[in-house]
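Shared between the two complexes below is chain A, which has chain B as its partner in the first and chain C in the second.
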Partner chain A sequence: MNNTANLLLLLVVMLNFFILGSSRLGSNIRTIAIQGGMLSLLPVLAHGFSNHTVFLAVAAFLLKGIAIPYLLFRAVRQVHIGREIQPLFGYVPTLILGTLATAASFIFSDRLPLVAEHNLSLFVPVGLATLATGFLLLITRRKAINQVIGYLIFENGIFIFGMLLTEAMPLMVESGVLLDLLVAVFIMVIVMHQIKREFSTINIDQLTSLKE
Partner chain B sequence: MKTTLLQLFLHLLLLFSLSPLLAGVIGKTKALFAGRIGPPFLQLYFDIWKLISKRLVLSRTTTWIFRVGPVTGLVVPVLAALLIPFGAIGAPISFNGDLIFFVYLFGLSRFFIASSALDTGSAFEGMGAVREVTYSCLAEPTILLSFIVLARLSGSLSLDAMFGQTLAASWHTAAPSLLLILACMFLVTLVENCRIPFDDPNTHLELTMIHEVMVLDHSGPDFGMILYGAAMKLFVLGALVVGLLVPDTTGNMALDILLFTVCMLVLAVLVGVVESTIARLRLIRIPQLLVGGMLLSFFSLILLLR
Partner chain C sequence: MENNLITLLLIIPFGGVLLALSLPSNRFRPWLLPIFGILHLALTFLIIQAGPLSAANGWLGVDALSRLILLIISLLFCGCSFYALGYLRYRLSWGNRVFVSCLLLFLFAMSLATISRHLGVLWVAVETTTLASAPLIYFNRNRLSIEATWKYLLLSSVGIALAMLGILFIAYAGLTEGGHVSLQFDDILQSAATFSRPWLKAGFVFLLVGFGTKVGFAPLHTWKPDAYGEAPGVVGALLAGGLTSVAFLGLLRTLQIMDAASEAVLAREAFLAMGLVSMAFAAVFVVRQPDFKRMLAYSSVEHMGIIAIGISMGGIATYGAMLHLMNNAMTKGVLFLSAANIHRRFGSKRMDEVRGAITLVPFSSILFLLGFIAITGSPPFAPFVSEFTILQGVFSGGHYVTGGLFLFFLAVIFIGMGTTVLSVVFGTPSENAGDKDYRETFATTGMPLLMLVIIFVLGVYLPDSVRQIFVDAAALLEVRA
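Let's turn to the complex of A and B:
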């Protein structure tokens, strides 16, 4: 069972790399949907079947795997963009930085004083690596939609960390977090639409200068 | 002593007789996908035979370097094949550190083929040489990192031991790393043999082609040598992929050889399927994919070392 969880986490890392190296928004959104869907299996895989974990898994799947990607696809259609034209950094440098960050998080998590049962599991390093990937996307991409995707990956990283605590964390807190996420994406999509209508672009570096 | 001689004989027999067949299988697979009958399985044997019995035409601008390229292109894959095991048949030559020798043997043949392309003085061939060298220098770290992972797993620096008995046990302990390495090796096999998605081996008139453009001026026996050498290179690198994926041996020599042969043919079918289903990448995307492969092998090393 733990092996399946580890395999899933490795796939998550692969998807991180894929998103860092790909320019198409459509495939990025699809990847984030797959990543979210896979992560939603984690509570069941890591802690076995119980009402708590099954509810969490189903809720996470509906939100991360279906609802949020649907919203993002709609946003892409509305603002008519297909790909990131000019990222702040090239794709290859971003990919190299992402791999270095992943390697660093694997080495760093070995140094952490973890509980014995988490010592060799991949939860901590993959969580850290996913957080780093989210950061990198937020820093390097210009399009607002890619920023939203960076934010979602960031949240996925936190979700992986949260898995270690599922036993301890009350259900209300987790469903609250998931709901917050949905609302946040909802608002971002609406805001993006508004920005597009006002300024006819969603390049974030053009939003820094004030207009009369 | 007797067994090693038998090994050597079987090794070379497999290499010399089977390698052109792989190209035939790839061609048939592609033809099947396209709904054609396609050339016969033995087409490459006929081609090589035809080329060998032709006369050699040499351009006046070329020097002796032009003749060296095809010879190294033929000899190097044979030497490299002697360093790796084919299924259960162990490597005839094996010494500590031969993994570096293996990688740089291919570097040697690349150097001479690229030089012989430059020797013709044709701008077109020079362009192909530049591309070939660029892509291989991006693929080289990938294969070296993969070898380092295997060396770490087996605790030995010779290819024979790295692909030997310990590999089957390693699949139980370090499966994720090995899976990543397998993907990287397949990628390297495709790029080193100029297959789709990196280069289209069928084109002869496109500005984006790489390997084929380097050998445009070679003719007759020289071109035959290049074709045969390329087929053997595919066989050698494919044998690495197969050796990685199927490390188990049955114990029976004849069965093992059969298993290895079938696996090689399946690999050829797989390459054919990849070529039929994927389009060639744009030229600027290729380094990106190669760097991606390099990072993947690096990541698998980290995964192993933690």
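Let's turn to the complex of A and C:
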């Protein structure tokens, strides 16, 4: 079980780097969809087949793999968002920071006391590395939609970590968490429409009227 | 019967949401707010009478802290709901389906948060408060309110996601000791003593940052001035009094876990640091603040800091902090609602454009002035009592530096807020002042007046039965040696 899951998690890290270095919005959204779809396999891989894990896998796949990327693609079309990403600073520095953060996650999780059965699995380091990637995107990207992508990767990191604890998370709560995520993205997309209408751009560096 | 109370507390506001969505009339829909506000308040009184409750396998339950927070949000919502009636009358042409539904959903989410005894449920409820309030902040539909909504949505979502990570870390802290993993609050309290320390401490930090973002501790408060400044006054009142109290409940639950794990010292030091930094930030930004609604936001940062300091001290100061949660919520209600009336009359919330409000909107101006006197901790209002109690706890514990800083910040904020408030209220009104047809109505001045009466009464006489609510809540936060 661990080997397949670990392979998948390594792919997730690759996708993190791909998003950090990619300059195309469309490919970023596709990457989010692929990453979400892959993560939805984790519950089954990590805990075997049961009603709980299958439900979680299907729900996560529908949400992270299909619904949310669909919402984002639709927003790109309707809001006429340019394809370029225009980061606040270059791709190479972002990639270097991402690499450092990933390395730090692996070193840090080596020092944390893990349960014996989790010692060889990559859930903790990859979860933390994905969190860091999301955070990096949130602070370095200029367009509102890229911040949403950063937030989604951030959430993916938490999802990966949560895989270690599915017994603690009852199904009801898990569904509530996923539903909240969907509604959050939905509202963010609506707000993006309004930002575009008022400012005729979704570059958030235009959002500077409110300051001291 | 008693378990039905909990179910009703959730069903009633949620039924209100569905009803608000299905009613076609913009004229009658706002009436749902006071109706459900009163129902909710009545139910809250029944729950307070009923004592400890538990439902849904211990996932939901009412303890002393839930009772206190529930009372705060219910009182505040009830007052604000009548105000909203008057407010929505000015906005009839806009349509209020989303506004009314979101207000009721907000009430539902806050109620769920106060009675949840499962960290996962608590998290879902707090996240729902963010989602329900984002459209409320955006109600004015202009550039500034979009900007405020975006910042609020993104910062709160990221903050609360960190809180989820903290919750998972705490669950893992239990797992490493080979225990049965559960996020049920009583289970956690019972087994917390055996939790793995590194995971528990890391979890605490994430929870502090996560819920701290929602509470608005400096330096995580950056969404606050924008959101409070651009949201309609009634929403500002609910955010500053209700949402912050609910988010604070998340922090208090965290503190309970740390107490049970005998890590109280670390937790309390963190609260103290957060509190002092918040007061310092507020003192810096409140001085020469040209916008009186943003000024109120910094005042909110300050008071969250005061409560955190009270809790960090323990003993009588914790009791003071519980009292201050209530006093802060009611006083913020007075201030935001009366400020909104002044804002409406002048069409501006900037100090240089709003002068001499007392001649044009006398009732609101007097309420605003008295609210200012109350919030800065002057007698005879209740915030004086709670701040004094906290200070007493600080000094009797021998924390002279903290006490000195506390007094210094209070003085600076008093002077800073005073300059703005006095300039808004007195003086000769500017010529081309905004909406000349605006008249104060009972709905828009009666409710802040009622809240002012509440903090006045609590300030001069606290009946034993009411005092017991605060004492019980504080007792849950005592460190068991």
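Here are a few things to note about the model shown:
Methods note: the second predicted complex is superposed on the first by the 206 of 212 C-alpha atoms of A that agree within 3 Å, B and C clash if a C-alpha of one lies under 4 Å from a C-alpha of the other, contacts with A are read in each partner's own complex, and residues count from 1 in each chain.
Heads up, the rule we're going with is that contacts are C-beta pairs under 8 Å (C-beta built on N, C-alpha and C of every residue); 3 or more make two chains touch, one makes a residue touch a chain.
All values reported here derive from a predicted model rather than from experimental measurement.
On the superposed chain A, the two partners chain B and chain C both fit, without a clash.
Looking at the shared chain after the overlay, A:Asn6 reaches chain B, while chain C stays out of its contact range.
Contacts of A:Ile158 after superposition: chain C is touched, whereas chain B is not reached. Aligning the two complexes via chain A yields an angle of 150° at the C-alpha centre of chain A, spanning the centres of chain B and chain C, rounded to a multiple of 10. In the superposition on chain A, A:Asn16 makes contact with neither chain B nor chain C.
In the superposition on chain A, the chain among chain B and chain C reaching more residues of chain A is C. Using the contact criterion defined above for the overlaid structures, shared-chain residue A:Thr99 touches chain B, although it does not reach chain C.
Looking at the shared chain after the overlay, A:Asn28 reaches neither chain B nor chain C. In the overlay built on the shared chain, the residue A:Leu112 is in contact with chain C alone; chain B does not reach it. When both complexes are overlaid on chain A, the residue A:Val177 reaches chain C alone and has no touch with chain B. After superposing the two complexes on chain A, the closest approach between C-alpha atoms of chain B and chain C comes to 20 Å. On the side of chain A, the complex with chain B involves touching residues 6-7, 10, 13, 17, 21, 91-92, 95-96, 99, 102-103, 106-107, 110, 125. The residues of chain A lying in touch with chain C in their complex are 112-115, 131, 135, 138, 144, 147, 151, 154-155, 158, 161-162, 164-165, 167-170, 173-174, 176-177, 180, 183-184, 187-188, 191, 194-195, 198-199, 204, 207, 209-210, 212. By the touch criterion given at the top, residues 118, 120-121, 123-124, 127-128, 130-131, 134-135, 138, 141-144, 146-151, 153-154, 157-158, 161, 164-165, 168, 171-172, 175-176, 178, 181-183, 196, 198-199, 202, 225-226, 229-230, 285 of chain C touch chain A in their complex. Contact residues of chain B toward chain A in the complex are 176, 287-288, 291-292, 295-296, 298-299, 302-303, 306.
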